[in-house]
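As written, the chain order gives the labels A, B and C, with residue 1 at the start of each chain.
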Amino acid sequence: MNQDIFVAVEHLRGKVSDISYIMLAAAHDLAQNTGGKVVALLLGLNAQQLAGNLNADQVLYADHSLLTDFNPEAYQRTLIGIIDEYKPRAVLFGHTSIGTDTVGCISAQLGLPLVSSVRTIEANNKLISQICGGKIMAECNLPEPIALITLVPGGYKPEQGQSTQSPPVTAIPVQVLDGLRILLNKYIEPETSDVDISKEPLLIAVGRGIQNQDNISLAEELAQAIGGVVCASRPVVDQGWLPTSRLVGKSGSTVKPKVYLAIGISGAPEHVEAITGSDVIIAINTDSAAPIFNIAKYGTTADLFDLVPALTEKIKNIKG
Amino acid sequence: MVTTAISHTPSFSETFFTSLYKVENGERFRTCLQCGSCSGVCPFGYLMDYPPGMMIAGLRADEFDLVMKTDTVWMCVSCYACAQICPSKIPITAGLMTRTKEELLLAGNVPSELQSALENSQRYGNPMGESPRKRADWTTGIQPPVTILGRDRRPVDVLWFVGDYPSYHPRVQYVAKALAKVLNALGINFGILGPEENSDGDTQRLAGERGLFEMLAEKNGRIFSKYQFERIITSDPHAYNALKNEYPVLSISYPVQHSTQFLAEHIDQLRPLLKQEIPATVTYHDPCYLGRVNGIFDEPRMLLEAIPGVKIVEMSHNHSSSLCCGGGGGGMWLDGFQWEKAHARLSEWRVHEAVDVGANILAVACPYEPPRFEDAIKMSQQAGQLVVKDIVELLAEALG
Amino acid sequence: MNIIVPVKLVPDLVEELSIDASGTALDTAWLRMIINEFDDHAIEQAILLKEKTGAQVTVLSMNIEGVDDLLFAAAARGADRLIKLNGDFVNASNNHALARAMATLIQDLKPDLILTGVQAHNDLDGSIGPRISNYLGMPYVGYISGVNISDDKVIVRKEYPGGLIGEMQVSLPALLGIQAAEQPPRYVAISKVRQMMKTMSIEELDLATLDSMGAPVVNRMFQPETTERATMLSENAEDAANQLVNIFKELGVL
């Protein structure tokens, strides 16, 4: 029986996403226990070069114009064909806009078991999933015969899934892809702002705890005083209090600042996954049980409405 | 006799106007003189597209739908200044302003902060969205332990209805602890409902959610009937107003006092215990719902006078002309919205008045006030060393 | 046009969650349930489409405690038809089983468009939308934040990381996984909900026996260890501000 671990690589606009490398790292853990190879699945048009730094034993590459950009139906059909033919031990997908559009339909179509939100693989291929806003972990065995798994970031670093040696790439034939009922019309870029928060070294982030649009000025004054940039978690952007370009999170930007000051942010996984690259996270939240304190280096339950103005004042005095 | 029966579908204005008559004393809306006093005394009247007087004019002119298109009725903080000054004694606050907010709510037209507070009140029994199970956490560490009726099933003399902000807000929890200390010093046999207590619902009622108010009142009524007590006291004037004036309409009727009334009754027993001097100039802010709406002015002052060292001064607006702190009618949950329009907070005006009259301490008797006035002091450079204390906190300090 | 919106109740995270005695599931004693946030958006999006196109909106959910309030609130927002589904949910509350059983039922409702939340925080075996779409032979796209109906197609805005949107066209009938409605779910006055309780009725349908085949079996459930908890600074704002200034100096940002 095939004991290989397959990884459905995700790429967007010519760039392989971090989750793909994270999946490869997890795949190696699985493969060590099953004794199989790690095989990356790459779908696209003239996209072989994306395989360059994948840490895999082999890459299967399917080339077709209808696979150029992600299309749920085209990707599903292609992957169903591949899985049906090769029958690997497991296939990993990202728990993302791309992965989750694909895996559920495949699971239903082929009658294969699916475990989602997996964060780490533990001894004897136990899958550890993270659910309920990160408050609960669940352990499951690797299901049989072919396990479909979606992965969330946090358990592995992307670097673990990258390699300096390019893996061998094998071209494979593609399924017939006519009669697609889903078509991509175009991409729409987010509103360009003068700031790319993913490149900023000092971020002042506001969350639901800021309570209303007016209070954001507290964060802006602090940012101005210290030379940082204001960004936000989803609830703030959903309300329209800050533009989408300032959104930090799963559906926004991933940031890697030197200092990330999280103000009134609880620390839900969708936000946390985008800030783990920060050097130092400092959290201000009156709820001592907020999950953000589990990943922050420093924290305080002081009230932000007292602390932030006081901090701004002190910084202004120091800077003169 | 010939009658001309022309069928006439009532306009929105007509239907709305007629519905106002159903409010207590509602027929007085017909007697509006258009004197403009209400619009003039309204603290945010100058910002409203249609201040109260003009809303009534709009109704008469069959143009109320124009009023409904604006959102400035949300500037109303239900302070009752208009109703109080009206020469025709029209129930403007409870009748017109609240009913207009009700109509806007029914149309799904409500500022998002207020929406969260209302949804939280419905779901968790408090506008902050805190877990109901933690409602009595503020009592941890108090000796002797505070009786929580659901846990310590025994009859008490006094049921203390604590309220949302004293239960959950970090600043106002100090007021709750202070009242517990004073009640214990007086040897009062009291208990609280703890996790079984729901928001009194009065502010939600005035923000236009009549249905939510009734739901909360019914829940509280059911809980009250489980336990034995002689009377209810509360430090929250909004809860006091609800329990005294609105709950009986729903057949939930108990003797109720504001904590200042209750303590004033015990003044002879309390005075000798107030040994610690508090040498300060104190000015007292009459909360809208204790003073203007329910006529309780003397008891709070009596308590302050009993504290050794205290010198009382009155601000230029006092007793029934007291200036609202801005928290009522949903104002606590419309801060961002009201700030956008006004760029001024009512609480800041009041703080300036306290400073002008030379006060060291601004004494309050409503749970909305400590956080509101303390924020205002931070925003106001002249406020200097002015400190905000609930009367009960001062009494607890004076107990030593 | 028929829009079907399957929704579900999930544990409310405001309360502390705990594991039951068996160690494999959540303790339901103090569990408070709330509508899945993304399903709430799905209802709102359906109502917005109804307001634009006059479509009929049917909301359906599993018959567990709290479902009546959920459905009447949906009616107060504008849902036309309310259905609760009967079944043994204690042992088989996973999407593998539910999707199989619900698909047949939904097929009978003759859907043109199905909207459901893209995911729910208590999903352990993927979300239900894609599975139902497969059993119904419908195309599926998820992470949708905008829907426009145009003849026999629907134009959707699909969210990607970084704020990027992919505009896609999907042939009807289709199933969409909603991330966000075009406007936040509107407020519903309690008096309106109470009115619905008097005037609307909830239909009941029985689900076929639930077959969990393929769903993950949980060995154990546990709460994450908080080994690397943050160094907590003072809870006094003034002191904390001073401490932060020192930290910033150490880090070289001040």
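Throughout what follows, contacts are C-beta pairs under 8 Å (C-beta built on N, C-alpha and C of every residue); 3 or more make two chains touch, one makes a residue touch a chain.
Keep in mind the model is a prediction, meaning the values are calculated, not measured.
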{"item": "Chain separated most widely from chain C, comparing mean CA positions", "value": "B"}
{"item": "Most centrally placed chain, judged by C-alpha centres", "value": "C"}
{"item": "Euclidean distance of C-alpha centroids - chain A vs chain B, Å", "value": "47"}
{"item": "Whole-Å gap separating chain B and chain C, where each centre is the average of the chain's CA atoms", "value": "37"}
{"item": "Centre-of-Cα separation between chain C and chain A, whole angstrom", "value": "20"}
{"item": "Sequence positions of chain A contacting 2 or more other chains", "value": "239, 303"}
{"item": "Numbers and ranges of chain C residues touching at least 2 other chains", "value": "16, 184"}
{"item": "Sequence positions of chain B contacting 2 or more other chains", "value": "112"}
{"item": "Chain A to chain B touching residues, read off their complex", "value": "211-215, 239, 286, 303, 305, 309"}
{"item": "Residue ranges of chain B in contact with chain C within the complex", "value": "102, 105-106, 108, 110, 112, 115, 118-119, 122-124, 129-131, 133, 208-212, 214-215"}
{"item": "Chain C partner contacts - residues on chain A that touch it in the complex", "value": "12-13, 17, 69-73, 96-98, 100-101, 103-105, 107-109, 111-117, 126-127, 129-141, 143, 150, 181-191, 198, 202, 226-228, 238-239, 244-245, 247, 250-254, 258-259, 279-283, 289, 293-303, 306-307, 310-311, 313-315, 318-319"}
{"item": "Interface residues, chain B side, partner chain A - complex", "value": "112-113, 170, 335-337, 339-340, 375, 378"}
{"item": "Chain A partner contacts - residues on chain C that touch it in the complex", "value": "11, 13, 16-17, 19, 26, 96, 99, 118-119, 121-127, 129-131, 133-135, 139-143, 155, 157-171, 174, 177, 179-180, 184, 213-224, 226, 228-238, 240-245, 247-248, 251, 253-254"}
